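Presented sequentially are two complexes of chain A, the first with chain B as partner and the second with chain C.
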Partner chain A sequence: AERVQRSGAGGMERPQPRANGCSGAAHGALRNGYVRGLSAPDTQINHIVHNGGLYKRPFNEAFEETPMLVAVLTYVGYGVLTLFGYLRDFMRYWKIEKCQNTTEREEQKDFVPLYQDFENFYNRNLYMRIRDSWNRPICSVPGAKMDMMERVSHDYNWTFTYTGKVIKDVINMGSYNYLGFAQNAGPCKEAAAKILSQYGVGVCSTRQEMGNLEKHEELERLVARFLGVESAMAYGMGFATNSMNIPALVGKGCLILSDELNHASLVLGARLSGATIRIFKHNNMQSLEKLLKDAIVHGQPRTRRPWKKILILVEGVFSMEGSIVRLPEVIALKKKYKSYLYLDEAHSIGALGPGGRGVVEYFGLNPEDVDVMMGTFTKSFGASGGYIAGKKELIDYLRTYSHSAVYATSLSPPVVEQIITSMKCIMGEDGTTVGKARVQQLAENTRYFRRRLKELGFIIYGNEDSPVVPLMLYMPAKIGAFGREMLKRNIGVVVVGFPATPIIESRARFCLSAAHTREMLDTALKEINEVGDLLQLKYSRHRLVPLLDRPFDETTYEETED
Partner chain B sequence: MDIKSTKNYLYWLYCQFELITCSYLMEPWEKLLFYTFNITMLVMVLYTAYIFVPVHISTAFQFFLCLFGNQHENAVSIVK
Partner chain C sequence: MNVGVAHSEVNPNTRVMNSRGMWLTYALGVGMLHVVLLSIPFFSVPVAWTLTNVIHNLGMYVFLHAVKGTPFETPDQGKARLLTHWEQLDYGVQFTSSRKFFTISPIILYFLASFYTKYDPTHFILNTTSLLTVLIPKLPQLHGVRIFGINKY
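Moving on, here comes the complex of A and B:
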């Protein structure tokens, strides 16, 4: 059996197992979750054999714990903002201040309220103050650098006006442009332009009626070949792919086991299907196994009948955490308990794996083990839409029974051509090595950027190889301040707060691209360093929570070093 | 320039205070209200400390002196 090392210092193979953290190479930096002196060499070998040699490469994922002082101060900040929110609401109610959000007309005041005022409390009083970091209008192609319209607000973000100036060459660290195919020049653009003059833009029909073009069939054959599966089907919108196809696959009497941090489209699809939904802890295989065991042993809640189907919903790369799913373990569990796996590769297709074929290739697994492979063309292919791939019987069934196929307009031909050209480029079938170079450039950029940010002392979540890099901010004022300060220094970033993340864990999310050159990354890192010193964002104490590799019991949920 | 770097450091500390208490996000009149409240509270606490702390310390000092003084006398008498 091949022995897999969970080694420190960049994932290099070591000739013999040593307690991690005492590697001697990295004196203070403890990467990948192993704490100094925690495990003796013999117990470590136990863990690796315990896994059964499922992993062919080191799996370095870490989520550093929130420092206690930072958590307390974050709550203090939210407390102050809540108090001022109540004060402002009081003033608006008693007409001391003009109310600028939507209210009903005077004649409707006696009716049942149309706008639930309290639910919008957060929106009115917190979101409005920092709103200028979102919905920024871009006026060029969102490549590695972009142009933005400058806008100012004279009434504290309730309304915006454009100054007319265009901020040029803002380094784009927010677009999901993983392989750099968001271009307005090059072979993809030429091919799409040609198809545009041949087919036009509108399809004017659904897939099942008159909207099934030859281009769609070509795309689906290509996607199936790219992923190494029997058949695939493409849809016009990625969100709709998930939310409209999960109801076609499962129904009442089935069980869905969904990860804690799944995307809204998966959650919506699961709820629309009417199946029973159970949630397992994020990327926690012990939690998933416990749920599977309970499901098999106890069956449906009242009748104790066996479940018709058990479907496990996971994502390849989780876009808010930057973590990669533990696919070898999920597949082993799926086979052991005879359930089905639905893998949403929205962010990982094109971005992971030596050939860009996604998380299945990244782990070196067989694509036939995943029952339903879903992905989107929005991120790495520079187009729009989604696909579902798998066995021929499954896809033929979906062609008939999916809501998207029956009711949604099919993909537009120039978009299809963009996908076809970019996919052929990644596969190398256009005769150049551009695709392979891009995939490698992205992997290099990812490792470099993550390593440098960790060295600077920021808290970065997620796996070492994921191109999504969340940098923790925690305090609400820092969310707005970070977005504004980075824009002043000509870098566009995406900041995320509640409700997309837990309330104290707000973050800035960087999405790396193959189009970013080393100089751009160095510039960005320099500015991030400066802003980090200015706003004091370097919270990392290099004390990482150990990954749950030990046998699972009640006490291993939250652990600190001590 | 030592004064300049001290001033920069103090300004940086003020920025951190603003960020932590979210007064960075407040409108000017809200900031005024918030700082007035805070400074009033701080002044009151300091004034209370100024009035009461010397009295407390001297009382405590007397108490401990009395305690140790008695012990000293007892020890002396036993030895004698």
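Moving on, here comes the complex of A and C:
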């Protein structure tokens, strides 16, 4: 095993890196971010992304390719399920088997059908079989451990009955609780309860009418200070922040360049705006640059007029892949081609960066370079809602023209107080170091968990520093099996498969939290190891050699072994 | 689980045939079918080849040219509801690699079947008609065409 030291910018003796982040994979020693094979130390390629010194810290992202055998077996699995689906549909049609789906009444059979039966094929033949892994009812606060109502199904998941038992202390690896603020005790709760008795729960109006409380103004000043920008505006719902504000910013005649794996709220907002949408490959800066060049050179499709605005839509941390956007390169491209950047920090605010200020602080960049910074309070602050931050002119414009401000109810006061208290805690303004400790704990948990999972031999997608950890399952039966086996061992996980993901990339997604202690993570890892052996999930061909425990710091060592 | 939760691909059906390993799985499937047919003792080799060809073309016709729409709800308000899977491939762009592959594979199977049946007339008629049922719908001129209104809605 070779020892490769990774550090940030610099490295004149190393071969020229390419724009999209791969540094010299010519002789096949490097694939997907791992060094394979032992090469001589003097030809050792440093596989860290460094694009002319834009990155101040190592950027390690890897998406190991699906092994061919696994892909073939996955297709066989879906094929068998499809054939059995047709068989069951046939039996249901000829009344050999009772149909438990809702159908139209006999009297309506002569009319044109309201729904197409085939569109429900996947739902009734595949999703129903493993439906018990989703929509599980929780009956406690979704902290690091939670209580779940036990449900059982006697007709293969068509109906559920509650046994009455409550499964206690299930380790929660699925909630977006990055800094552990999902608590029902502590200073945030006290503050929120006080404000509840003072202001009540409902606001009963939109921001522009009677719903503008001084609490909202206080929150917005605090958010602007937290992010280091001029001004901010807060909305009641994170999804609505994206889908209602992008139409206010761009319209017909503008161009939106959106990442392949953007969230549904961004896609909806882009579609609602009426602008032209072009999609670039996920986190691929060459693809983005090509689209930018083509847009500027060719202009609008038929008239060849210049675009009114070009808006690049990216997310800080992509929630299904666990990858972090290549922000330094995006900002360099944005400046070069004079376009605007909309950064959705739903999962990265509070979770990345030494002070929890998000992906901009993580890369050490200037917040003023990002034109529109959007984020949500749902994930790291334990509340709900979203915000948009940026220059004062932009936010003043949005106060008038945003659809959310005009039509949607504003944030509820106890929720606002929760956000204010948790944000002050993260900033350290409440007089304790609890916030800083939580941010550091999350970073340590992330590194530890990812490293251990890779050592165990699972295929993990994404960046080393992202608290979202997708573990690849691939086969449809393993999706259901993984969810159920983990629940049997008292761990709650989120699994997702086709058609939400590409057909050969079904996964289980772990969301780490600062509230997870080392013991909880070790228990979880032990159970994941067991389930991995039971279900044969350890597909990775590039195993990391276990390291001696090292302290959390900037320079890290990696050893790989074929 | 709905379409578009983890990606912005509006209709995943368009990309399924391009995924890694799909062509290999398809080839292995055809091979498996042929081996099963060869193992049945009362089928001679020519009969087994003709049956492979016919069953393969029948399956291809049903799944690619008869079944319409998507097995899941797509977020594009059902643009593909009246399109067969072949018409949905790559959003209707003609002559992509998947389309070429799936056009050539029944032809190769036809060559092999003709060879192994020693160009016998009965087998020839069966094989050729079956090949035509699966080649004609793939022509770009027949994109979206429904003859005599069959399979229109």
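Basically, the second predicted complex is superposed on the first by the 493 of 562 C-alpha atoms of A that agree within 3 Å, B and C clash if a C-alpha of one lies under 4 Å from a C-alpha of the other, contacts with A are read in each partner's own complex, and residues count from 1 in each chain.
As a convention for this text, a residue touches a chain if its C-beta (ideal position, glycine included) is under 8 Å from a C-beta of that chain, and two chains touch if they have at least 3 such contacts.
Treat the numbers as computed from the prediction; the structure is a model and nothing was measured.
By the touch criterion defined above, A:156 reaches chain B but does not reach chain C. By the touch criterion defined above, A:410 lies against neither chain B nor chain C after alignment on the C-alpha atoms of chain A.
Legend: residue contacts after superposition of the two complexes on their common chain; A:481 is shown touching chain B, with no touch to chain C. By the touch criterion defined above, A:65 lies against chain C but remains apart from chain B after alignment on the C-alpha atoms of chain A. A count of residues in chain A touched by chain B and by chain C gives the higher number to C. Of the two partner chains, chain C is the only one touched by A:123; chain B is not.
Judged by the touch definition given at the top, the superposed model places A:84 against chain B, while chain C stays out of reach. With both structures placed on the common chain, the touch criterion links A:536 to chain B but leaves chain C unconnected. Of the two partner chains placed by superposition, chain B and chain C are both touched by A:76. On chain A, the surface touched by chain B in one complex and the surface touched by chain C in the other have residues 76 in common. Here chain B touches chain A in the complex through residues 12, 15-16, 18-27, 30, 34, going by the rule given at the top. Listed in rising order, the residues of chain A touching chain C in the complex are 65-66, 68, 71-72, 74-76, 79, 82, 116, 118-123, 127, 134, 258, 260-262, 264, 267, 279, 320-321, 496-504. Partner chain B is touched in their complex by these residues of chain A: 73, 76-78, 80-81, 84, 87, 129-130, 156, 475-478, 480-481, 534-536.
Touching chain A in their complex are the following residues of chain C: 1-9, 12, 15-16, 19-22, 24-25, 28-29, 67-73, 78, 81.
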